[in-house]
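What follows is a structure written as structure tokens; I'll ask about it next.
Chain lettering (A, B, C, D, E and F) follows the sequence in which the chains are written, and residue indices restart at 1 in each chain.
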Amino acid sequence: MEDEEYAGGVQKKFIYINRRAPHGTVYAHEALETVLIGAAFDQDVSMLFIDDGVYQLKKEQRPDSLEMKNFSKAFKALEMYDVEKLFVETESLQERGLNESDLLVDVELVARAKVAELIDQQDVVLSF
Amino acid sequence: MEDEEYAGGVQKKFIYINRRAPHGTVYAHEALETVLIGAAFDQDVSMLFIDDGVYQLKKEQRPDSLEMKNFSKAFKALEMYDVEKLFVETESLQERGLNESDLLVDVELVARAKVAELIDQQDVVLSF
Amino acid sequence: MSTLNIVNKSPFEKRSLDQCITRTSSGDALLLIEDAVVAAVSGTAYDAPLTEAGQNMKLYVLEGDLAARGFADSEMVNGFTPVDYKGFVALVAEHDRVHSWL
Amino acid sequence: MSTLNIVNKSPFEKRSLDQCITRTSSGDALLLIEDAVVAAVSGTAYDAPLTEAGQNMKLYVLEGDLAARGFADSEMVNGFTPVDYKGFVALVAEHDRVHSWL
Amino acid sequence: MKFAILVNEGPYQHQASDSAYQFAVAAIESGHEVARVFFYHDGVNNGSNLTTPPQDDRHIQKRWSALAAESGVDLVLCVAACQRRGMVDEGERDRNKKDAINVADGFRISGLGQLIEAGIEADRLLTFGD
Amino acid sequence: MKFAILVNEGPYQHQASDSAYQFAVAAIESGHEVARVFFYHDGVNNGSNLTTPPQDDRHIQKRWSALAAESGVDLVLCVAACQRRGMVDEGERDRNKKDAINVADGFRISGLGQLIEAGIEADRLLTFGD
């Protein structure tokens, strides 16, 4: 894909909300692709992982045994793209028996009661 | 579609299990198509409606306002195709605030505790 | 700065409605479309949580989807307002952003 | 005359696992594949209902799907047997019919 | 007001494409602009000119193409999704050495950047999916 | 033992097609026969020869076509689903006056009766879907 640039000068707050487990469907993978492409547009980007979306950040994913791509490694590259605001809901982790040390990357934990507030600060919500 | 016939002489017990609401996805519609085509094969056919599948039989559906086909009328034609075993789970109706008089066609009610037994009598389970 | 939340799946099939309701602010709105409209029909376990949710936010249901599934506006849980597609458009315009709970 | 029940969605997303469990006979089996494998990982609200379900039927999980999602066999709820695709094939052959809870 | 729409599912299988279309029509009738519909994932299959739905059913692709012709809505198919799903225009045919073209009139293939751009330039971006 | 498989979803969007393929391979390796794979709904999109997935990703259509060539698995696309979704072979092209063909080698278009027949003739019929 060619590198795309946006010269419009507008900066908006984009939030990518990830609520699905990886691998069973392609949505998690494609959300990440969108964030990576979108990074070229110099917008204010956040990613929020709630519900089954927290599984996307689980360490040690090995989908290669199913001949599927292990896109989870790309989460580690987000920092290079200046995508640094990764929010994970505490309750979603707890309900799945997970904690911060199970995750591939450093994240900011956010309580369920604060999720709506975070969303209400955004201009554009993308969910797949 | 051409009329298809099966001359193999084998008769199996087929059950079509319908668990999805109509219109939001195509599965309910296509399950019914399969039953109608399958009728030419002279098999022992049952249809079972559980969970959101019971909505498929709701009276007075009007998807035409959305430019979508009202396939629910075809349930009334099943009798002509000798598909007469329509089972509906009582609890699924109750949980949705429905009762038998809300349904388009005559059905046989079956308790949740008896559903597994009904399935265990079949040779082939089709679910979409 | 309010959000229009859209849910499109039956709560008896998927948990997206439950998951949406726990993450809304007062002043937000909830619109049920497609298979989710069945949640707005009274007589189910969703009467109570939706009535409660309606204390903090406006509740809407897309009437074409309700009619498609054989239900009348009169069967709705108290607090729901039926809208047609133009009403849906107006809701999107009135709120600051839209969040589809897919 | 036993049935192999297959569930493929996370129970935190869809209700198909809950809906399956209430309609199984003793002697049936349950196989979790794709996103449903997360239900077999211990430490969630599904520990108890699945342990209970395991009293009446055999519980299996597709290990390739478990590994894909970053979980090890050792993290499973008691009572689950991991199978590979050949084991999946053997289960289909051993049971009289297969019911995919889609 | 200027709207942009994201469609994540193909035609007929899920209602998403129908809902998106009905919304777009109502938005235009209400005096708004629908600047772009971006088709992602299986959504790209909405643009296939090889479909022949039953005569008594809606023709989803033709409906979209007519909307583009009549109201100038920019219908964009995500290039990466097209490659995975077999949606081909002239450029893609030549680049990937395919034997056929199946992108209908009014649709064009482009990159994901078009989605981000739509999010930046539209007043509201709205997603329809499964 | 003789197996038949029903696939209800297209390639890449859902894991259903992957799971069905892995199951079919394992069944054959275990000494069983996979008599037929019936593709219904969006499942018919598995048969498109117009896909160009990224080089480091699996090529789902080619994998299926190879399975048909090597193991004689009968890959059937539902005709009604093909018409709604734009899958065209020579016969469909002529019948519906289309400009292109996109059904890959090893796949054939036929009626739903082939699914029922598979259910009757196979020892086990197994469904993969969403």
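Heads up, the rule we're going with is that a residue touches a chain if its C-beta (ideal position, glycine included) is under 8 Å from a C-beta of that chain, and two chains touch if they have at least 3 such contacts.
Note that the coordinates shown come from a computational prediction; the quantities given were computed from them, not determined experimentally.
K.L.:
Common contacts of subunit B and subunit D?
P.N.:
Joint contacts, listed by label: C, F.
K.L.:
Suppose chain centres are the mean of their C-alpha atoms. Which chain sits farthest from subunit A?
P.N.:
That would be chain B.
K.L.:
Which chain maximises the distance between its CA centroid and that of subunit C?
P.N.:
F
K.L.:
Is the contact between copies subunit C and subunit D built from the same residues on both sides or from different ones, judged by whether over half of the numbers are shared?
P.N.:
Same residues, largely: of all residue numbers at this interface, over half are found in both copies.
K.L.:
As a quick test, compute the distance in whole Å between the mean CA positions of subunit A and subunit B.
P.N.:
Inter-chain centre distance comes to 40 Å.
K.L.:
Roughly how far is subunit A from subunit C, going centre to centre by Cα mean, in whole Å?
P.N.:
26
K.L.:
Please work out the Cα centroid separation of subunit B and subunit E, and write it as a whole number of Å.
P.N.:
From the centre of subunit B to the centre of subunit E is 33 Å.
K.L.:
Which subunit D residues touch at least two other chains?
P.N.:
Residues 8, 12-13, 15, 34-35, 64, 97-98, 100, 102 of subunit D each touch two or more of the other chains.
K.L.:
Can you list every residue of subunit F that touches 2 or more other chains, as numbers and ranges?
P.N.:
Where subunit F meets two or more other chains at a single residue, that happens at 8, 12-13, 15, 22, 41, 57, 80, 125, 127, 129-130.
K.L.:
Hunt down the residues of subunit B that sit against at least two other chains at once, touch-wise.
P.N.:
In subunit B, residues 19, 23-27, 51, 66, 68, 124-125, 127-128 touch at least two other chains, as defined above.
K.L.:
Write out all the pairs of touching chains, ordered by chain label.
P.N.:
A-C, A-D, A-E, A-F, B-C, B-D, B-E, B-F, C-D, C-E, D-F, E-F
K.L.:
Flag every residue of subunit A that touches subunit E in the complex, lowest number first.
P.N.:
Spelled out, the residues of subunit A in touch with subunit E are 1-2, 4, 6, 8, 10, 12, 14, 26-27, 30, 33-34, 37-38, 40-41, 43, 124-128.
K.L.:
Mind pulling up the subunit D residues that touch subunit C in the complex?
P.N.:
12-15
K.L.:
Under the stated contact criterion, what part of subunit C meets subunit B in this complex?
P.N.:
8-10, 12-13, 34-35, 38, 41-45, 64-65, 67-71
K.L.:
State the interface residues of subunit C toward subunit A in the complex, per the touch definition above.
P.N.:
Its residues touching subunit A are 1-3, 15-16, 19, 22-25, 28, 96-102.
K.L.:
Show me the residue ranges of subunit A that touch subunit F in the complex, using the header's touch definition.
P.N.:
Residues 23-26, 66-69.
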